[in-house]
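In the two complexes that follow, chain A is the common piece, with chain B as its partner first and chain C second.
This part shows the complex of A and B:
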């Protein structure tokens, strides 16, 4: 039997060692992972609702996504994520079958096939001067000119064929330095209008066939203008004068310019505020906003202005929509306390409403930012309207007949920061009924699973199994589980909205649009910065809900004042908010908590002051006790300086503030600016746990890891090689890496990689750092590992010293001891570009580590740390092989089964977050970009628990069979005994 | 900020000069021709019976220049292009779900008017024409072995069950065939040794055959 066990163990070992890392069967997709696709905040939308075929809406977004959505359900038909610098400026439909996008400041024009999103052609439009870009697809030109697309960008007007993207002709406007703002088409002529300076108005008439200049005219307006020129109809424009008191009406009939001016006060009595012309395109009309009122003004045929209507509290106006010959409709929104009113009016007939609806929208979506309308013909031949609304939180809604047909949480495409929160502890007697399911059902389920594992299941069975697995209510329960798989992912989005996502199925548990991060008069351009765990009750104070801290700033500059919001992690209610009197440069969560488990945070402002939060006397007490143990560092990448700081004393200022501290610089490292520029830094995660401090080498030698939390990795590049690949030669490129102790400022390690350049992506864990960079000589990417070992403890190997207590392991560790350090390092080639790099975290740090690499193809690859072991040699000895050292290869293997995103893509991948589960073997991984992806991975397989699809039925069957066998053999032996005795 | 402004100014000046030259020479070239164009083609064998990429459907393939500096897509015939690329050594990657492409080193020569030399970085193979093909297909899932008796027998549980069966059914048979005297001797041996071990039983069985 002992032998059998040994055989069994060897087999198990064999099985586990053959399969390095993570892999998945196809039918396990969706069991532990979820994937959500988003598009981002919509900038342009076009409806494509022909009678035949699927109804869709084409959108381009601020995440540089071009997508086609199903108008019925809001699902994505197809989607393309363009490059990060490839901002979409224009979107239109040409020839009725191509979607045309203009991007990269008017230099790239692409046509996408409408049904499937295949790119049909791409055209690069060259120019020399940065300018506004305009995409104009002329409608109803002469029949044979149906395919013309006019593009203005970089100072040139291009006429492009819609069929193949060929440039038919181009006209240079850069020489005249005219800021072209409009392209107007009339019959076979094209007019280009724009300003020179801000008062000289030019019009050029061009031949649509060849771009030949037919005529040009210009006029000088009596004063400078303010804001954009708005086209009211084919040949009429309106613009405000510089002091915003007059409106100019410009008419360019037949290429001749005439203008009129009219003071706003003549139109609108007792108007006091600043007027702005809204960029809404309405035929013969325009909209003027003064304070919160919108005035609709008509431009008559004689270029006179007539006030048509005044709308109070108008939030958003749509462009006009042509519903039939000569009939145009447009929509606007009025906000009221709890609901919004949607009006659709006929542009020519202002007396009645085509549509008036009030809709109740969750106020966590905020105000309506943009509205696009589309019409359809009802069964009674009247017109119905649907409205696509872009909300303040970047979500997208389709409203039809007063109802929200579908909504998309597209704010989640722009995640800024992520943290996690535990779920509430399960109360007694809540889910007992659920666990004690019908035994028969349970058995049936397992029999089905058994069939599945034995591959004898029929197709119906397979479907049933898959449904059963996905339905498994366990994973989406709202309580804490034993293994710690169920958590809340709390994400902050660029819109200032905080979402809590359930790790089980990715659903939104709650969401809140933080009013501190909403645009107000006090705070013009709020930016959400970071999200921290503020209160994590675990031992005492268990009755309290955990809360999180959201840190923001009133504007993009560092000098803008900071805002705090505290949000309850269970309910999603804002507990309180603070508008701080100081600025914010750095937030340092301290490793101390007060009696209610609130974490102490130090906020560093730009005036060399540190502020303590929470502002309670208890927090001061705790900080006073640990006053001399608080150290932090700051990196000034522009100046090439890294500084270490410590607290000094209370602030010296007029108003006494005992929560304010001055700090002193302990040390600073100034890198030579002519040869090095800081491009990347990395430090250890504060919540990382290291299980073993020592590492036993193959020769039974012990190496002690240099495990310090105060350790910083800095990568510097040569100034000439800071740019992109292809801009520097190997001779002028180098990369210098440093490992710095952030308490003393001591440089523990310094290394130069010649002929290498950034971008550098690095991750620091335990005593090692792994970083990814580009090697220009080999023209390949490389990944290097540096492991740091503590030499001063190296003589603690003698067992007798341990026994007699003569070791120095219990002596307090201090950064001031200057321990002797040795490092080991090694470099390997890596195939792909990298967008993000992260390492798995487990609860106790026993499980071996995997690197999670977000590749350029928006996939996440799990790579065993064993591949990045500096001790890999070409011919490992027997002992080394037993230890699991892999023979040296020049490049790191890419095993396609170890892509944790399997056949999915996390489009626009920006970051990866790992969180330890309670179960030691498992780590939770959340990858975000335009898409979101979550999974749990077990870097050394789930050695401490049975897998999800462990077949209890097989186990039961075996036991039953064994018991039966025992009985049978017992009966048989009895009988035999009896026969023996009879003999 | 100041630097960008001066840069724009520089562009202006440069433009005015170039404009003069251009109007004089009447050349069809645009104002700025500092860059070259990289043309290439991605070819995917259509025999692939992939579920996630239908043969011929290449709309989700991206071609990436210099680690994300620019991204472009494939035309229906598989061609792609990057315009306005400065001379130098660049890196092109192809991101396609289901296929493994090697990054390509592209040398754009300034001396030879944008002549392009390409080589795969994975195996350092030069490309005579710029056609990129996947090095291998990528299989993201483990394949479930179809059900067979052998796989059950080979599994640890199967081995254990098999071993048990042998002990339960085969051993008594062997015992039966044994000589009663030898049996008694064996039993005595057992008693003297205590627990019978596998090793002591097997040679006896072999001897009896």
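This part shows the complex of A and C:
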């Protein structure tokens, strides 16, 4: 019998383990995960609205995306995300069927098929010198029956065949050392114009057939020039002089240069501000901006300048659009307080407007950055116009007939930082959720589910069940749930806009374009840096809303002053903002909160002073209490130095500021600069929870983990091997890794990988670090794990001490005890190169860990930490096998079912964020890049909850049936008893 | 011990046949070799004899009851061997029953030996044996528990949920914000 039970149990175990894959079933896709596709801020847009085929707009963006969008709905027809250093410089349509893109500083030219986006050809254009790159697709210019595409890049002019991308001829301009800015076509000649220095103007005339140099001419302008040269029409240019008081008009008719100059004051009376020529291309016209006014100036045939119009408060101008033979239109925008006005004017006729519309746009989208227009023929044969607008928050709008036809939140393609916030607690009487279902619906749903379980559902029912699961209102409610799956993901984008996304369905709950991160006179080039949880109320302070802190800086340099914004996490309102008098180099959230649950933050400026926020006396009190225990370290990657500091005293400066503190240097680690350069660092997450400090080995032995938050992983590479893979030989490449205690500056562990080089991606969790690098000798990527153990605790082996509680393992620990450290490490080959690496976090840290690896294919792979166990051996003993130690293999397996992104791609993947759910088994994962992806994962399966497809209806039915059966049998037996008694 | 209880109900004997009564068969000559003299004793000796027999019988029964756990012990041993050394429902059930039986038996030692209580019967010996055997059973159960790894006899059993020590110092920082 025991044997039978054993067999049964083994069978049970086997059955349950077959279910243990990490993969999803097909019908589970989209239940817990969502995926959003974006393109980024549009740089160029081309409309393609021929009568046949779908109407579309082709765009290239700052995220290096080339895409074709549906003009009716704004959906993506096709999209290609080029690499991060493959910046798109030019976009055009050739032969009416190919989309031509020029990228990588004018060295890669590609043609994409217009309807489906397949690549038709690609040519790599060689060059020697970095220069401006120009893509020019001439109309009707043929060389040997080939349609030509002219490309200037890297100092060469290339003529490329539009049909197959073959380079027909090329001309070297690198030797001429002129800065080519324009390519002009006139009949079968090509003129190339540009400056040498800033005053010598050159023009070269070339034969379009073979690139033969026909003539050249140059002239020296009487003074230096300012800004870009603007082409007004085929052979005319305008440019400002150095002091921006005169306009030069240059004419290169037939390759001969003539120029005229005219002071701006002659054209425009009482002009005081600095003039700028706008890069808007208008036929025979150009736009000059002085302060907030835009002046439209016509260049006559005699190269004279005539002021045509003055537009006040013009925000943005479009390029000219040819609507019919000799008729050109262009659009501009005027901002008013609540709405914007869109004007479309005929270039040759300034008296009237072709179109004048007022549009109301959500002011959280900011001002209009760029505008592209397109025309269509109305039923009454007049012209209608649609305008594609790129907003300040990088979103994209299509406006037609005064209405916003569609909008895209493309700011979300450039997420800078992510944090999370809990949702409000569900209160009685307050209906936060609008999507509550009634009882009948609930019952209907469960009956359907029951049908599915009992396999009596018809195909329609199956479809209904799937639809019900996908749009389950439960997951998108606006209240906190018991399992902690519903949260707000708060993301900061490059445009300075903060979005709150619901984890249930990814919708935008609120968004705010931060006042402090908008371009103003005080803050010319604001940059959003990071986002922190400022106030997380729980327990006694639950009445208050949580708030977040957005940290920014007025400009890209470290010396620019800092700005703070505090945003309510529930409503998305800016609570207050601060323009700080000091700079910002680092933000250190301290592990202390005040009575209102505001977290204390130390802001370190570039002069190594610390400023305490919030600026309240209470915060000072809290800090004073922990004064001697607060340390700070800085990593100077350029100098190869890691320094440790401690708080010293209040700042010594003229104005007394009790919230400002000076530091004293405690220690420094100087890496030898001739052999090591810092390339990567990693620390533990401040919110990571570790369940236990002991690790139990197979033979009941115990190893004590060295669990410390004050620990830093530094990876250094040989100076020669800092570049791309392949630039250094294995002999001159090495990788040195350090594990450093950041309080005492003690090096806990140091290891050298010979013949290896970066890029290094590392993740630190609990007592281990995993890092990824390239092994030049093996020509493969490797991943290594280092586990750190506290040897000084290892002699705590007496059971009686624990029984009686006479051990000091949980008493507070100081780094100054200098515990003895041992490490275990192991390296494994890994097939992929890696874009990001992260580890799952759970609420209590009991669940086993998975590494989340953002692969080069823009997918996220979940890899069990068990595979990166330094204790793996070739032949594990029975006990080790039972413990779950996998036999040693030289490479880490990539199981295709363990891609948590399943069939999707997170294009341009840049980061992965994990957040613990309240349910211990589950971790929430958010991956961002050009696309956004969110899912829940359970590294050890959901051992603490019933599965989502558990049929409560079936359970209920069973219970009801049982109760009924009991009742019936009871009645029957009573009756029988009675009969017996009568007998 | 169940058998003992069955025979010796708590009220003692209900009926009996007294074979020593010889008053009715005087006429019949005694069988050859039978000496009546030995049976012809006075009442006091008769009752004392009776009592002796009873106490002997009680002592014997008490020893029997005391030895009963031995069988149990062997049976448990066999069951444990069958159950194997991995932790699952069956082995845990057996182990816990092996632990529970001796404990409950030990709790009711007095009750079990009550029917055999007699001035003349020395119950200490059987009781001690009974206790010893039950303790043996308990030891077997504990040994089984240990061999299943369910006894916290290793350090690992005490530290596996030991939360990490708090740190006195706090240190933050890193690379400068880009």
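Observations, loosely collected:
Throughout what follows, the second predicted complex is superposed on the first by the 889 of 983 C-alpha atoms of A that agree within 3 Å, B and C clash if a C-alpha of one lies under 4 Å from a C-alpha of the other, contacts with A are read in each partner's own complex, and residues count from 1 in each chain.
Heads up, the rule we're going with is that contacts are C-beta pairs under 8 Å (C-beta built on N, C-alpha and C of every residue); 3 or more make two chains touch, one makes a residue touch a chain.
No experiment lies behind these values; they were computed from the predicted model shown.
After overlaying the two complexes on the shared chain, residue contacts for A:599 are found with neither chain B nor chain C.
When the shared chain is aligned, no partner comes close enough to touch A:865: not chain B, not chain C.
In the superposed model, A:35 makes contact with neither chain B nor chain C.
When the two complexes are overlaid on their common chain A, residue A:629 makes contact with chain C while staying clear of chain B.
Shared-chain residue A:954: touches chain B; no touch with chain C.
In the superposed model, A:328 lies in contact with neither chain B nor chain C. In the superposition on chain A, A:386 makes contact with neither chain B nor chain C. When both complexes are aligned on chain A by C-alpha atoms, chain A residues 1 touch chain B in the first and chain C in the second. On the chain A side of its complex with chain C, the touching residues are 1-2, 5-6, 9, 529-530, 551, 553, 558, 584-591, 602, 604, 606, 626, 629-635, 637, 644, 681, 683, 686, 690-694, 696-697, 700-702, 704-705, 707-710, 712, 742-743, 796-799, 802-803, 809-815. Those residues of chain B lying in contact with chain A across their complex are 8, 11-12, 14-16, 18-19, 30-33, 37, 52, 57-59, 62, 64, 66-76, 80-81, 83-86, 88-91, 93, 95-98, 100, 102-103, 105, 121-122, 138-147, 152, 156-157, 159-161, 163-164, 168, 172, 198. Of all residues in chain C, only 82-84, 88-90, 152-178 touch chain A in the complex they form.
Of all the residues in chain A, the ones that touch chain B in their complex are 1, 3-4, 7-8, 11-12, 23-27, 29, 78, 80, 82-86, 107, 110, 113, 116-122, 124, 126-130, 155-156, 170, 172, 174-175, 177, 454-456, 724-727, 759, 774, 776, 778-781, 831-833, 835, 855-859, 891, 894, 896-897, 899, 902-903, 905, 954, 958, 961-962, 965, 969, 973.
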